[in-house]
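Just below sit the structures, each encoded as structure tokens.
The same chain A turns up in both complexes below, where it pairs with chain B and then with chain C.
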Partner chain A sequence: MVAEMKIKVGFEGHFEELTVTLPDGDVPPYQPGDDLKVVGRSVPRSEALLKATGAARYSYDQRPEGLLYGAILRCPHANATIREIDTSVALAMPGVKAVVTAPDLFESRECRYAGSEVAAVCATTEAIADEALRAIYVDYEVHPFAVTLDDAMAEGAPSVGRGNQVNVDRTSPRTARQRDGSLNEDREAEIRANLDEQEERIKGILRAAAVVVSRTFRTEVQTHCPLEPHGLVCEWKDGKLIAHASTQATFGAQFELGRRFGTSPQVICEHVGGGFGSKFSAGREGVIGAHLAREAGAPVRLMLDRRAEQIAVGNRPDSIQKLTLGLDKEGKILALRIRNWGSSGTGMGGSGAHNDLIYQLGEVDKVEYGVRTNNGGARAHRAPGWPQGAFGLEGLLDEAAAALGIDPIELRRRNDDHRIRLAEYQIAAERSGWKEKHGRVRREGPIRRGIGMASSLWFSAGGAGAAVLVRIHKDGRVEVRNGAQDIGTGTRTVIGQVAAEELGLRADEVTVSMGNTDDPRGPASGGSTTIGTVTPAARLAAHDAKRELLEAVADRKGWQAGELDLRGGSVVDASGSAVLSFKAACALLDEDAIEVLRQRPTLSRRSANYDGYESTNAGVQVAEVAVDTETGEVRVERVVAVADSGKILNPKLAESQVRGGVIQGVSFALFERRIMDRQQGVMVNADMENYKILGAADCPEIDVVLVDVYNGRNNTGVMGLGEPPIVATAAAVANAVSNALGTRMTSLPITPRKVLEALGKAPRPATGRKGTSL
Partner chain B sequence: MANQKPVFLPDDVCPCLRTKTMTLNPEYRRSAYEDRFTADTAIFHCLRTMAPQGPDELDCEPQMCRPGRECYTPDPADLG
Partner chain C sequence: MKSFELAQPGSLDAAIRASGESFVASRWLAGGTDLLATIKERVDAPERLVNLKTIPDLASIEVTAERTVIGALATHTEVAEHVGIREHHPALVEAILATATPQIRNVATIGGGLCQRPRCWYFRHPDYPCRKKGGATCYAQEGENEFHTIFDNGTCCAVHASNIAPILLAYDAVLIVRGSGGEREVALDDFFVDPDDNVMVENILAPGELITRIEIPAAARGWGEAYVEVREKQSFDWALTAATVLVKASGGAVEDSRVVLSAVAPRPLRLPRVEALLRGRVDEEALSAAGEAACAGATPLEQNGYKLALVRATIARAARSAISRARKG
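Up next is the complex of A and B:
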């Protein structure tokens, strides 16, 4: 059963009416002009004080009685096979309670990168655990390796994989490989024929284009660097596993551990010290920790150290993007040819770069290749594939604009039909003083200042699968419960706001509990889906709990429930006059509490949201930089970040998300890169000292402009904002540096050396290896 | 990603195959977004190895993790 209704959608100056089909029983989305008292307000994070004072308890802080300490032995070789492991000496050491090996737990003796798990111990102290690791004897058969894109792609490169696995393979469209790794020749010939036809078509378009620009762009591997490492504190109680895990997916971790151990574990995660996409799986460390705890018969803490964080639990793949863009003389894009290479470690998945989705690009010929290297595997990293893809395309767009003599923002406007972003271009231009600054490189001694811009896109209004419990107690307390985690984005706070709004209460009068799989199901925090998935369920549950409360009050008082509402901490009548306090109303309940559990309203299994104003977020950023032409140092002085995410439920928290994305994006643009020792096969900057990330002193002024969009699509009208703000930043910074220098920056991070190379003040290093197939 | 849509994995994909999108929607944990937007950024792992390769050392992905593969595990009730 569904209901049709007309709603108002759009944003300031751009409102229109839209007929939508709502899921049965759902409440209509917030509308312009609604008198909202809590939603849309900058309520501080509900856990802010706990975090600021150190009282928040993370996984690491759990200290059950009899806690043992786990540690993992990792392979020192980039490519090896374990011939033999002897753990007997370690197991006999005083204080050592259990030892496990990777071949036993994970059915593989192969170590495909330096840092892969070999064995693990738990002991009464961390020192004993470390000592025990040193007592484990391992005999390796060591193989040749390739740890960089260039090395793995070179002619005659050592084979990273096993059997028929090749180092370089087409991932999109996928090579027609059979299960043993060999080619399905007929199918592959068919794919190649289609690709050839596509390429010929694009070549024809490019030949007729007024302007053709072509560049090769490179980005480096970026690690996640969450301040709280991966890991867990776990124990077994009466055959049930209880895991305090640092995770972005409490139910995902529960599922994986449950499958591994044939039980339904309880996963608890009250606070998360960052994840950025790397904490969806229970991980090998989760399985190891649970095994150790079971074997030892005692709780075990197994949290990774910083080195392991940098090498073993994910990263954003690097990329080589060879792009060609053709435009007509009016600046209309006719075609884009894309060839991408990226390495996600020993596997092939996840190495793509998204550079064909934001603008109207005409014909697109895109082929992507995965490159197998002897490195720890990639994982989703805040907007996977997008920052690197945007860097390439936005750089090329700026070159095209210059070739055509068209302002870069105007060029983008001519190739964009996103109604929100079209307005955001103007906001960003005005806010940054674009017209005055672009095209006029400002020099001050050795300092040159430049300005650049880029756009973003995201797509999440949430999905099905969340349920929220609202409990109104007889004493007036209100609880809202959902088992998903709040990874620091403020989900807990916003859920409370949405419930409080329905119940006519202040946000601090509602207690929200998250991060416990004993509570109703919730999603992983990924794809910027959490808020759009959970808040509609919270709103509906609070709405229905309110109706139950008002019916109980009406029944006891002889009033008409339909004429009552909750506002300002009171029951109000049809005239809006307070007739009873909220607490007094709750005291009239016969039961101890009203409990309402509601699923996230959805239209159907395959279509979670109804039509709205735009199905995607937009976003435009403008960066201003100062480049020291003597030292090569780049400082990002200011970023104007115009962002939208449907209805802004909490401006302060939304702004915080944008700031976080910009900071991480500037860091990607200027500092971050995994450096591999090509001779030893190990990461040489696997710590927080030599792996450079942006610090407070490097942080630009960030001017956030939020566009509040009544988007519809779900009952809170909200869309995710975790990932979109990072999409454009590095591209905007690179364009600003290119603007300042008058030469295109084609490689991230933009280190001082690269700036000096661009200025001709330092020699360019040789790139590529013999036979690299670019 | 206006035209993004969930594509459900075939029923006979190995239950040990995992990827991030399976965790986003707990109701449909066997689903994965596989259209052109995310296929090239989807990263799979195996529950048995907790790695991008299965116990047979070949890659984990929907096309590969099907009945007939040596390590195919139709009922991973207890991998512990």
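Up next is the complex of A and C:
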């Protein structure tokens, strides 16, 4: 059964009425003007003190009695086959408790990047484990390799894959292949014919366009660099695996390990020291750790070292984006031609650059290729595909704006119909002083100051797949439980706020437990969907728990439950006066506690959310930079970040997400890149010294503006904000640098060397140099 | 990492004995910020570390009318915060504050800063048996060499990364070195070893020898001085190129000057040719001529040609700033 109701949607100055259909039993969405006491307030992060004082216990901190230390032996070659592996000496070393090999565990002798797992040990000390690794004898058959896009794409490049796998393959639309990998020629011919036709059509449009701009953009591999490495501390108790895994998917890790070992484990992860998309899987390290613990019959800690972190547990793929854009003379985009290449390691797919999804782009001819390289595999990285895609698209739009003599923001407005973003352009322009600054590059000696902007888009209203348990104890304590984890975004705090609001309590009177698979199901914390998935269930559960409590109170007191409510820590009557404290009300319970478990309300199997207002987040950022034209140094001085994420449940935490996104985005724009040695195929900066990450002195002033949107899409109307704020930053920074220099920066990161090369002050080295194999 | 013994001597003599005993491969341990990293990365595997921090009086700093004396065990922070140093050696303070992070500067010593091993990523990677580690190949020459040297790079192209070495060189500093044979003085200019002569070490210290203190003559006090470095990041990062300039000026004219370029060669490079151009009336034209002259003889590698632009920029900036400070005097 469903109910229809009229609600208000939109945002300040742009409200409208909408009739929505609510699922049976759901509470109506928050409405503008609601008298909310806890929701929408800047409640401090509930675990802030624990984290700041070091009291928070991460996976790394778990030290069960008798803990053994695990370590992984990794292949030094970029492409090799294990001929023979002998672990007998290692196993015989005093203190060594178990040894496993990758060929045994993963049924493959192939090592396709320098750093892939070969064997692992556990021992009574880290030092012994380390020595034992060195006692393992491995005989490798070494093959030629390619570790950069250029090398792998070159004619006659060594084959990265095995069997009939090619180095470069179309991933979108995917090349038609049979199961065994060979070409499905008929199907492929059909796809090609369609692509040819599409290309011809676009060519025609481009010929007729008033302005055509064309550029090739490049971005480098970015690694995740969570401070807490990947891995787990685990032990087997009575045949059940208990895994303290550093994960952003407790239930995913549970499922994966359960399938592997034939028995479902308990996964616990109260706090995660960063994940950024790289911790969705138990990973090989998780599987290895669990095997070692089982074989040794003792708890094992298997956490990766920094070098392995940089190499073996994911990254944001690199990209080459060849883009051509055609516009009419009013600046209306007519067509966009896109050819993308990127490498997600030895596999295919997941390396796309999303350069065709923001704005109305007319006809789009997009073909995307994956490139196999002998590198560790890519994983989701905060808005996968987006920052690199935005860099290309937004750079090209600025180019077009210049060619047409139209202000860049105006050009975007003319090709945008997102109601929220259209308002955000205005806010961003005003906050940044865009009008005065854009047209006029400010010079001060060798320093030139420029300004640039870019937009973002995200889709994160959440979905089905969560349940929340609310327990009101007889002594007045309130517990809220969900088994997903808070990867640092503040999910735990916000869930507590939503429940506290229903119960008329303060946020700190509600205890939220997360990160334990013994609790009700929750989603993997990814896609910025957690908050939108879990909070509606939390709200409904708290709401229904309140009703149960009030029924019990009414029953005992002879009152009318329908006239009672909870507010300000008390039971209030129809007139709003407090008649009983919350604690006293709980004390009236017959049972020890009220327990209410509620699923995330959804409209139907197919659509999780109601048809509300805009179904996507927008976002606009403006960056201001100072470029030293003699040294090539770039400083990002200020970023105005206008962001929205549906109903802002906690401005402080929302702002913190935006700041984090901007910081990581500036870091991607100016510093971060994996550097591969092409002679041996090894990452030479697999550390945090030469793999450069923004530090405090590089951090711009960040001016965050949050737009509070009532999207009416579920009972909390919140959307996630972990990923959206990183989408636009690098693009805005690059546009600002280009604005300052009067020449387009087409390659990230923008290092002093690249600025000097762009200014003609340094030689541009030839690309495509062949690596010499040893 | 390989296990090692730790000797904790209470005196210099005991330290020297501990280091030389029974032919163990030993290393001096000062702040450990570099040494322990090389051991952990398995670039080095000494059998014994001799802790210098347990020896009294190696960390004192004295600034007198004749000279400045810095104990080799004084930390970067202690030096930068010393009142006399701040007064007489502003460029040394500048160079220190551009070094690493506050946490590292709090433990990293001046002796360790001069003796730190190269940061070349092939050298620091256990799987590359490069020349500096006794192998036959310099991987950087044909490899990833964006941060490597543009001078004297025929054998090894790792830069001398120390921030303090160039300014101490410009000061004509002298190192007091102790070994089993007693004490000797080594001018800093004679301290560094050319890779063509011996690629496996960066300085002339014999096994069992250590620096006890650094003496800076008072002669260059009151000169205008500046240290200017360019780097990718402003939070801790290594210099891509740095220039140190000292000038003595009276009225409008420069009477004397000292110029050192660093992060571009296997040692800090004193540049007499450039010093000659920075004398007399130094105008913008002279500054660009100085920058140009500083590039003479450079042999950039495939990826580091951009450093020439940085040489020009840093030389001109350091000179401009030193001259203006000399005038403000």
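Convention: the second predicted complex is superposed on the first by the 767 of 774 C-alpha atoms of A that agree within 3 Å, B and C clash if a C-alpha of one lies under 4 Å from a C-alpha of the other, contacts with A are read in each partner's own complex, and residues count from 1 in each chain.
What we mean here is this: a residue touches a chain if its C-beta (ideal position, glycine included) is under 8 Å from a C-beta of that chain, and two chains touch if they have at least 3 such contacts.
Computed from a predicted model, the values in this text were never measured in an experiment.
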Fit or clash - chain C, chain B, common chain A: fit
Spatial angle chain C-chain A-chain B, Cα centroids [nearest 10 degrees]: 120
Partner chain(s) touched by A:162 [first = chain B, second = chain C, both, neither]: first
Contacts of A:255 with chain B and chain C, given as first, second, both or neither: first
Of chain B and chain C, the chain that contacts the larger number of chain A residues: B
Partner chain(s) touched by A:753 [first = chain B, second = chain C, both, neither]: second
Touching partner for A:379 - first (chain B), second (chain C), both, neither: first
First (chain B), second (chain C), both or neither touched by A:522: first
Touching partner for A:284 - first (chain B), second (chain C), both, neither: first
Minimum distance between Cα atoms of chain B and chain C in the superposition (Å): 24
Residues of chain A that touch chain B when the two form their complex: 106-108, 110, 112, 161-163, 165, 171-172, 174, 179-181, 248-249, 251-252, 255-256, 259-262, 277, 280-284, 287, 291, 294, 340, 344-354, 357, 368, 377-380, 384-385, 457-459, 463-466, 521-524, 526-527, 529, 533, 605-606, 615-616
Touch list for chain B against partner chain A, complex: 1-2, 4-6, 15-16, 18-29, 36-37, 39-45, 47-53, 55, 57-61, 63-64, 66, 68-69, 71, 76-80
Residue ranges of chain A touching chain C (in the complex, touch as defined): 76, 114, 127, 130, 446, 630-633, 635, 670-671, 675-680, 682, 684-685, 689-690, 692, 694-698, 751-753, 756-757, 761-763, 765, 769, 772
Of all residues in chain C, those that touch chain A in their complex: 1, 3, 119, 121-122, 125, 127-128, 139, 142-144, 146-147, 230-237, 240, 302-303, 305-306, 308-310, 312-314, 316-317
